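So that you can tell them apart, the chains are marked A, B, C and D in the order they are listed, and the count of residues begins at 1 in each.
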Amino acid sequence: MIPLSWYLIFAAILFCIGLFGVIARRNLMSVLMCLELMLNAVNINLLSFWSYLYGKDLQALVFVAIIFAAAAAETAVGLALIISVYRRRVTVNANDLDMMKG
Amino acid sequence: MSFVADPINFIADWLSKLLLGWGLPPDLVMVLLFIIGSGLLATVAMLWVTILIWYERKIIGRIQDRFGPNRVGPYGLFQSIADMIKIFTKEHISPDGVDWFPFTIAPIIAVGAVLAVWAVIPFSANFVGTNLSVGILFILAIGGIGEFGIVFGGWGSNNKYALLSAFRAVAQLISYETPYVICFLIPVMLSGSMNLNDIVKAQDPWFIFLAPLGALIFFITSIAEVGRTPFDLAEAESELVAGFNIEYSGLKFGMFYVGDFLHSFTISLLFAALFLGGWKGPWAEQIPVLGFVYFFIKSSAAYFLVILLRASMPRFRIDQMMDFTWKVLTPLSLTVVSMTALVDKLLPANLIWVRIGGLILLNIIIFIATDRLLDIYWKKPLFQKNNQVEDASKASSVKLGAG
Amino acid sequence: MSILQIIFLLAALATLFCAVKVVITTRMMHSAFWLVGALLGIAVLFAMLESRFFVVVQVLVYIGAIAILIIFAVMLTRKIMDENQQRMNQLWGLAFIPAGGVLAGLIYILSRWNAFNTTARTAPVNGEDIEALGKALVSPTGFMLPFEVSSILLLAALIGAIFVSYDRKGGGR
Amino acid sequence: MSMETLVWLIPLPPLLSFAVIILFLGRQKAASHWVALSAAGLSWAASMLVFAFAIQKPNLAAAPILSSIAWLPVGKGSFNVGVQIDPLSSVVLFFVAWTILMIFIYSIGYHNFGQPAGSDDKPGLPPHGAEETHHHETHRVPSIEPLYARFFAFISLFAFAMYTLVVTDNLLALYFGWEVMGLCSYLLIGFWFAKPSARDAAVKAFLTTRIGDMFMLLGLAALYSVTGTLNYREVLSNPAVLDKLASTASPIAALSWAGLIGLLIFMGTVGKSAQFPLHVWLPDAMEGPTPVSAMIHAATMVSAGVYLVIRFYPLMAAGRLDGGQTPPMVAMAFIGAFTAIFAATIAVAQNDVKRVLAYSTISQLGFMIAALGVGAYVAAAFHLVMHAFFKALLFLGSGSVIHGMEHGALHSGDEVDPQNMFEMGGLFRKMPLTFWTFLAGGLSLAGFPFVTAGFWSKDEILSGAFGGGYMVVFITLAAAAFITAFYTMRQVTLVFLGKPRTQAASSASENSLVMTLPLVVLAVFAVAAGWSANWFKPFVGSMLGESGIEASTSLVPLITSLCVSLIGLLAGWLLYRGYEARQPDPLENILGPVYNLLKNKYWIDEFYERVFMRPAAWVANVLVSVWIDKIVLDGILHWIGRAGLSVGRFLRSKFDLPVINTGLETVFGQSPLYVGNGMKRAQTGRVQEYIIMAMIVVILVGVIVILVVPI
């Protein structure tokens, strides 16, 4: 049988790959994709906890379902913002968006 | 179980006993049977396409006052076979600068995604590829994968027209998916299951009598999902030369072509399964082979409607197409679903005629109300631009540019 | 090593490979294709966790909707996707610190947890009980409030997305 | 419909009304007030039903009306939100429902509904009045508020938040209502946003209360992390939890967890109920539309702070030895009593009719806090209710006076400040209904013996302080009560009695029924509510299990409150009855320079300005640059220079320039600049770099936690 640790370590690695991408990529679109990876890592975690520890409860499943909804909302708004930024400033480069510079 | 009543399960039983008799482990036998079964189903489906093409060309020919194929074989039946042989022998041409991986995989996805839907369709009382409890969701998910065939093809071809076509196609598919998915809810709600076989079994009476408007919207949106006339904006010859498959040739093009016809027939299957009672009919439970017959009759009838529409409707303009789904179909389908849920809960479930009457009355009321509202708003600015042709052509080109 | 373990390792490695490719690929479009691969791999892992419903939902929502939307947006912004452009920003080296730190921290904390290596499953073997989940989502004593709130979130996102990306005629440029 | 469902529904109509008005009725004036009014009426009716049910239910404190649903899955359980109606929340619900309904009705008249729109009125400014031609002669009449609908939307939202706060059963939902009220307060104070003073006052109110809210949030988090719940019943009605909280030490030295959490929550009250030292926002809040937002800041919202501490009194008093005080109670007694006398003395010297009431509110809230500090739980709750009624009445009455004065000023063309008491006088003839109701409220505030509500509640507090043996608190509060009676009578005399001192005052006129009717209703409560004392005490007292502190049987407090009230009223009348126009305040002769101190509110605002706002600039500009650098250092150097030119020159070249000028200037003068410039670089505006910083800090904290806390 597969131990729980395999899933958790896999999710941790996936999360950190996503985190690295979010921090390091220049292109906003890519940042958004890496964010999806992170959310997926969270889902893996929740479902593995559900599967191994709380199989009789529904909380984890509800949580995952709501993360799906949140991910959809996040993508919609994120892409709308990116398109809007692209229209106004002709860039999708995270580095160029530093209007808030101190 | 006799061979006459249920040949497929009879053969499957015989085969599994045979394999077990050879001393193979039961798990392996099951896997082997699944592989053989799915291979057979896919082959049958692909061969069925040759008949579909013939059927469609014949009917369209009649509608356009011609004969249609009539040279190869009796009534031109082998015309498609000849075309097939021609396409097999053609050269594969990959244009310069294509994105190799998406370019290659696109036709495979286009066919595979359609074939995968067949896995959950109940062809008769006891013949269904896999009796998935979330069959409806599976169909929707596979539909989502099918969009990748178009995107990959359009992007990978390194061709401006192909890309524009992919844009249009994706916009259209995403937009029409909304009412499409909502209409799936009606059979799910009425039967209380997402398993297609359960839905078919629950159709007493057929759901088209309980939700005629839902069936209508489903029919329209599924045609849009296929991208057939009048929704074939992705391959509008006069604007985009040939659509996302412009750079494909030989067998790759053939696969797109087959996928298209197969998809059209698949939605007919789905329509028949969800709204026309699927394999249901006299003695279908007792003699499963009859279920096949009923099911194919019903879906051929639905397919005949699809062909009729193709032959008789002009193509939508892109802004009309978008307006139609977002401003008409989506609100209407939401209304139908919520009102059907409400009214069906209020009506007594055991009095069938009261139930049918009430729901049909509800649908008529909603239809008339929609009609009146459209009449009123047609004169308002919401649809104003549709009435000004020269303005709209400009608008559509702008929309194209922006996607 | 059992067959299940081999399947897991294959799926996990494939997913991680796809994820790494998402991060390091220069061409946006290919990055998005790799993302689809990673999402499919995660769907396989969901299946191995006996969560059949979420396998389908993963394919439906993530691949069918989110990935398509991302690809669509990539195609829309393709003009400036100059392939000679750097794919990382200037501080990408620093990004190893948080990523590595979080990874090390997570694994350190998890490894001290006594249920870490459990192999016994408690989930039902034939997938989750969708009916119970559906009922819990709409029952006032269950999770109706979060469910409704997330539906409002989706509505707000819908309106917000339209508002943000709406091209006002003559202004906003 | 069960009672529980009804309780759930109480906050709903105002929220819907807010949404409907904001979304659809932005320009529909009549429709917006009908929507808001019917929402308030529905909530009122539901509240009254619930109240009537609650007072009949036997043993309500032990078995309150409860209903809750699981909201957020947390760990193995879930976080519940729900409603709870116990004796305390039922009486609070009672007065909240009444006062809110009265505000809604009153606002229609106050914003001149039915009058023409002013020709030069702008949104964001008070209406200036309109020209109206009537029988061929043109005269100016009041004009309708331009943002009429928006006003009703905001107070609807406010009503929603207040109802939520009252009916909820947990601290988190209370905090939600609390913050929404903070928002509404900001919006309503800044309702005339085009006036710079209103804008500043709104920002000030928001930021000042934010300080308190921050502490309260900390207290909330501490409570949750220690007990794992925020539900009232699971914390406050559970002796085991309270004992555990009171007996475990918190990270702050010498405080138990109960003490720490109590103090933090009390800090929230200090902000919201405008206690010293965070009281400065409340007087400025009078910049809002006169009586209505003022009354929100007097009768309902600030009451929320007191309601919170009354609600958490079991926690504050946890671990209390017989007759002793816990640290939060000491803080409350001290701050409350000090605020009571402090604000009362300021009120004496104000000449703006509303500011007097604002300071009086602060002072009365101080009474309640002090009462809790000495353990007089029931007295505090009783005074809370009574105060809400008579202060609402007074504010609406003062609004009515101002409205009448504005009308008079428009009519006579006299340019006067309609809020200055010294320019009024003799209004009792012009506005009899306002006068009588105002008098009822004023007497109640002053604690006029036996017939008014205020007398009974104040007497309760004094006897609580006396009976507990807290003589300092007792004397302070008695003195404050005396001053209260004095300034109340001063106000009544200046505004209503004597002869009109300006043209505007002599042509003022009574307002329409829609404004005076709420006054009458509230006046009835301001007088009659006090008679319920005998029922009220056991009813609310049952919340504590025993009947709270035993009231003293001694006659000393009764006689004291009787005397201070009567003497104060008499003194006020005697001093001001002969006041003539344009004289200095008679009090100025008596108090001399102290009067100036009071008039300027002890220079608290200026003090804050000096202590908290200027020092940054001051340290840089004055201390470092002028004093240290120029005066001290340069002076020493000049002296050295004079003492010995050669030595000086030597030192100058070898010591002064390199070490003192460059070195110290670098340290004190330049370093802020360098640090600022250096820090500025961290604000790159790039979100990814922020993530890096945040994540690195998270990792560092994580490492520290792992190293310090063994898992």
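Miscellaneous remarks
The rule is short, and it goes like this: contacts are C-beta pairs under 8 Å (C-beta built on N, C-alpha and C of every residue); 3 or more make two chains touch, one makes a residue touch a chain.
Every value quoted in this text rests on a predicted model; they were computed, and no experiment measured them.
Listing every chain that touches subunit A and subunit B alike gives C. Using the mean of the Cα atoms as each chain's centre, the chain most removed from subunit D is B. Interface comparison, C-D versus A-D: the pair with the greater number of contacting C-beta pairs is C-D. If each chain is reduced to the centroid of its CA atoms, subunit C and subunit D end up 48 Å from each other.
Mean C-alpha positions place subunit A and subunit D at a centre distance of 44 Å.
If each chain is reduced to the centroid of its CA atoms, subunit B and subunit C end up 29 Å from each other. In whole angstrom, the spacing between the mean C-alpha positions of subunit B and subunit D is 66. Each of the following residues of subunit C touches two or more other chains: 53, 57, 65, 69, 76, 89, 91, 94-95, 98, 102, 142-143, 146, 167. Contacts with at least two other chains are made by residues 73, 686, 688, 691-692, 695 of subunit D. Contact with two or more other chains is made by no residue of subunit B.
Inter-chain contacts, as defined above, occur between A-C, A-D, B-C, C-D. Within the complex, the subunit B residues that touch subunit C are 99, 101-102, 133-134, 137-138, 140-145, 147-148, 151-152, 155, 163, 166-167, 170-171, 174, 194, 402-403.
The part of subunit D that touches subunit A in the complex is made up of residues 73, 78, 679-688, 691-692, 695. Residue ranges on subunit C touching subunit A, taken from their complex, read 2, 4-5, 8, 12, 15-16, 19-20, 22-23, 28, 31-32, 35, 38-39, 42, 45-46, 48-51, 53-54, 57-58, 61-62, 65-66, 69-70, 73-74, 76-77, 80-81, 85-92, 94-96, 98-100, 102-103, 106-107, 110-111, 115-124, 128, 132-133, 136-137, 142-143, 146-147, 150-151, 153-154, 156-158, 160-162, 164-165, 167, 172-173.
Remark: subunit C residues 29-30, 33, 36, 52-53, 56-57, 59-60, 63-65, 68-69, 71-72, 75-76, 127, 130, 167 touch subunit B in the complex. Subunit D meets subunit C in the complex at residues 69-73, 81, 686, 688-689, 691-692, 695-696, 698-699, 702-703, 706, 711.
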